[in-house]
């Protein structure tokens, strides 16, 4: 709708009405203009209609939506199914070009612009989240594990002979596998135990660096967000180490964007030491479907080197979900969600503390972990079967995300890789079972209340069953 | 709607009517049952409604859609935006698990089943396409280039010391970059010229194998679908070489699924030699948005090794697009599309042949390339600027996909990689400019007619401009 | 997207790309402009995206979609459910105002304009269909029967004492009931029989007029489209009668818009006699869901009188369906559909003729009915039960729309109204059973082939069953 | 998904997972079953997915969605546009049949059942709202005005000679016009003034009845919800009058369903006197788009008589919006909305009272009007132009729904109808200007705050402008 069209509308309705319509409509147009101009997340979330209008305007600029075109290439963005076309908002060309994940596609101007816009809005979001030292970022259309692997692969461009990746121990398969996938050998650094919390053993890292030689080390892969009782790695100190030893520093901040505590230490590390890339999950931080990661850097040229290394095109789907979400959320609501999460974590911690006292258990003291807590299961004995049963009981009661960790589960994760003792607990010395629970973005207090209620049900049930079984066994003895 | 619900409907309408409704409804239910039972693409495409019903039934089995659940994990599949939720049909958990791309997610039974179903239907599609020797396949949620890289990375599990990938020259950046990304050095094999066609130099490959030693070679990466005048690689002979030398054979069949000629030679290669993985693009062959690839193998254990190597979860988006497309297309229409493409290619070739004769040009003789043709531009002189202008002229006339190739464009694609002489032409010895055009799946005869019409316009325009310019120059000489 | 926004896009992509995007985008903008300027159905149907863009632009002008508004009235267009909002494209205010169905709503400029635009496009469609003498029309948000009633009610404004409506007999309940609903007594005119066809008895109409006095007659309600063997009424002659006697002439052209034969005679009647309003169904002619009618007039003031008579607001839903359909269809495809229907009718008639000959039946000669045919069921005896069973047999074989008419079904349709002898056959003198079948817009030749096949199945089955029953009866006689 | 399909799923995933999926899925199935069985609004609103599943299941029972059918009728429910089909959830046959608005369509079992279900759920909603004496109701697919007219027309079936409708004065055009549309003469009863409130003059009604004779009176049309300072009619006393005099009693309860005060007096009237039909708007009470009304009766046979009187089919659109809304709302949230509205009304009244005191104005005392308030504009002088300007000023500030009433606006609403003195104020004796504001369902406290803020802005602005103008005038005097 432009000036001329408004004029034409006076054929149907009085000019004064048209004027008001135009005035309101301009407010929509201005929102779009502001977005393109400022490239910041709007304060107030947009309506679904305005978002769809934006997407529709831009998809109409992609060649697959041209009316009168003819395609003689091997890839013309033709879409067979209307359902597929609709759900992709008529975008079909993906992002990137054979040369570069960030390059513009002449056939797909609309999606190219939206993709770049998404990355700029995302930069705004990272800054709101506390990563003020980040200068550039992209949505990488692969989930965190594969994105970490890809970053590590890209290091090979400069450091052909690197063989190792040093990683303070984190017992998540995808982290361990990402190193193997990238073609490196993982050097795992056992954590120290401070109180109940597992913390980075910096001395051991330094020792390994001098042992292996920095030339042979592709990077240090540190981790911030993690399950208690592991704490976030001391990224600031690691960053100093990396700076001094000229080692690439890759931070796995999987779901850490949602905690200012974690973004703060990363931000500090960026200021005082060396942080090359920080990787975080789009789904875990932005409440979109699984499939993407955010790569954030302080120096633009590092990101350029990575995106140029990407072989070929990639899906636009992740960027689209992220873009829609940022626009519909607005920065105000993003801030509220961060706040709510923090409050929920405090609530979870205090309520479960009460429960611990009641049941003779303990909430492990992990003052640096702002998302996850660990709750001992001392009273449940040491039979692994019975312990993991608690997890199942919660699962069938529709409590998801609670993990029961039982010491003694030793595992080799990748062929020819190291053995992880007490896998899942991040430490060789774990000797007690516990479960973890987390307060992640989007959680409501009602989730926690429901969880606590069901947990009590389970505990009681378990105790009763247990008692019965003991009695039965005793009875059988006779 | 089950028996009981139908009975309840008789409260509202006479039983005889309900009976007919139930009878028809059963036909829908039977379609779903058949799909789950036979795991073949239905002959006749499904209606959008039935597809959406299926998706809705399955997404309701994923925990993020449970009514009464509470999530205490770090990843609970929460979706912020309704638009995002809708466009993802309420699926949010992605596919795979930290351990394996093909693993079932307990939190997401619906998407796990649909993902596996997609892969089984896709197997049916591969067989219809001519790859009858394939025993297993998956949608890999990364486009062809990255999927090729990922396959090559996975080879490292068994062959730690491999350094090289042998590739008969193909001038597409993403192929070349996929090798570098996977951490190997590319050994490029210049093609032979047979007639106008560029064909695989088998002797040279053999020579390189014995030179480097098969232990140091990660794989041979052969290519089938490509731009004329390159022909498809002699995959059958390469497969024999690989079998004899115990070398992994990876075939880049990017858009070759749509040509029975190409699937036939791959199928033969599978029967008589060694073919480990065949990779093809989902978007180019199945008319879905860019973002996925199909990995197909003869031996299931090879695919298992690859999917288990994947670090973490991945997007469900590509599988969803592929599933919807297969169901809405049906095998009958897929066969029609293949047939129509073949006829369009014949039509394109014969019509452009006429044009060539008229304009003193030549359609290069490339009898083995069933998708792309090359048309010389001898009459247009040798000025690269003027030659590439033809491409621009077509582009602004909304003809996409036509590539003008001008000899003399030498390029280094990856840092520290080899120099490609005459980049784009697949050969050091190219000496004439030409353009390529392709007839890919989904093309209509009307596309070709439009293209020819616009091509003539351009040629004429160009000649006129040219003449004017010459005159102008001459005039300026005075 | 305006000039300024395009300029802003150059932040992301090169200007030359933006220029092309803008050029293409302008073509979309021009389509919208042309629509507003010319108010004609576009030749070529619009894409779904462009239609949704138009709807979105206009709905954003309605106050319920204003961002910053507050509503203190009793009707503020608030929509509770997102599903409802989406399916109504964010329109909520309906059409009309307490004063007038055609009036502009200040709160809803977008829907007001679209409503008026719909009516202007519809005028174009009526002209394409052959009603070139129509000067104005509207979508009336009530189906044909209620719309006819409403037109008749509105006559009372000028003719307070009218008591009767003269209607050449048409055995459709909704026609008969519309007269009663409007508060008049129906004067039914038995048809004459010419060949097999039932035609208007003009003499009888004239007789009734002079008998009752034109002052007491609200209108003559004539019918064009109808089931064979009734033919269309002689609307031209009736129009002359109306002109001479100063009687309102209302034509029920329910599904006659799709036949140029029928629109031609109406158009002639308009030229030479008096036709006040022609009413036609939106669903039957335009392939939209049931719920609306088109009121068409030669004199704008008549329509104005009717719309001003409407008490209150009404649903926008029907207009929206009609608008979307006209835009997505385009005039080219509308013409094709009309042509295809005509050909299908000829095909149906000729094929069923062959069947009639084979089975000793007859296709009744009704040369003036261009849509429906009647096929005798002489061979099936005269037992009503057995005859109507044929209908059921076809129904359970998923043939819909075929009606078996059996003489002897006498019915009173409205309380205190007349008795209709042989109801369904339009005539007191019908003495043979028959079924009717029609070729209506949207029908495909494949529908007819399927129908013929199933009809033969039924006939055969019936004969066999019949024979068996006779034998059984005979056997029982012993 | 039935038992068999779940069994088939074990091909893909372990049985224990399938079992949980089935268990959850059953909870969905049970919700549908409960709905069909109990025919009550669920307590908790359904998810969009479940609602769409229900609609999809039912639309698949309508013949237009049968796969293998052929249609030989004149109305086959064919839909041209996919957008139209989607937005109508694949329903196309409308509701009702030529004989009856409530009748089942054999071609459309799904929509027939849903339509009946909608009406039964609606009965539940009416009871929740306080109309416990209602025994039956339907969604009438015409807005309130036309629905009132239709009810009045239907009275003619039994009372052929009725000429008048008695209506206590209500200055809404659509009420007045509905009487004319139905073919009656309106007998307007001026209200009495009690305090500031305008109340029903029962004596005058009785006088009119004896004057005209009850045989000549079609009905008394009373009104409950209305703009202050009019109060709701004394429906209980009118109902007694109607019972004694054997007169049809039609209540226009346009937006009164949302106030228990109003439903209470209607419910009492039903218990103690005669109430035939109560009509209320779907959009105003249920937050759906304009287009439908709810007809509610105590005696089923009255509703039957009305629906049987309807000539032909009608749109399903209104029922669909109502059904979706009731399911997504749930009775809990409906109750909350009623409660919130009531609180907002109290808040509005008390806040505006404060404003009145501040500005030397008065909120008229209308203790019986639970929705609308009137605020005097004494300080703004008596110039109609300047007074209505206040309305415009609010309108341009995006305050909608506030009406400025200025005495002296005399109007004839329908041709040959009576003159309404002070139209808009419901009374011949109105002598002061005022504006009205209402708190209707869906209003938020924030709406009221925004309104008050803007109202103050306007008042100030107006005063300033006024002052300036006076000064200017004075200056000009020199």
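Order of writing sets the labels: A, B, C and D. Residues in every chain begin at 1.
Throughout what follows, a residue touches a chain if its C-beta (ideal position, glycine included) is under 8 Å from a C-beta of that chain, and two chains touch if they have at least 3 such contacts.
Since this is a predicted model, take the numbers as computed values, not measurements.
Counting C-beta pairs in contact across B-C and across C-D gives the higher total for C-D. Looking at which positions face the partner, chain A and chain B present mostly the same ones, since more than half of the interface numbers are shared. Averaged C-alpha coordinates give centres for chain B and chain C that are 48 Å from one another.
A straight line joining the Cα centres of chain C and chain D is 29 Å long. Within chain D, the positions touching two or more other chains are listed as 20, 48, 52, 66, 68, 82, 106, 395. On the chain A side of its complex with chain C, the touching residues are 1-2, 4-5, 8-9, 11-14, 17-18, 20-21, 24-25, 27-29, 32-33, 36-37, 39, 47-50, 52-53, 56-57, 59-61, 65-68, 82, 86, 90, 104, 106, 109-110, 112-113, 116-117.
Across the complex, chain A is touched by residues 20, 82, 395-396 of chain D. The touching residues of chain A, counted against chain B in their complex, run 48, 51-52, 63, 66, 68-84, 86-89, 91-95, 98-99, 106-107, 141-146, 148-150, 153-154, 156-157, 172-175, 177-178, 180-183, 225, 227, 254-255, 281, 283-284, 286-292, 309-318, 320-321, 324-325, 328-329, 348, 371-372, 395, 398-403, 415-416, 437-443, 446-448, 450-451, 454.
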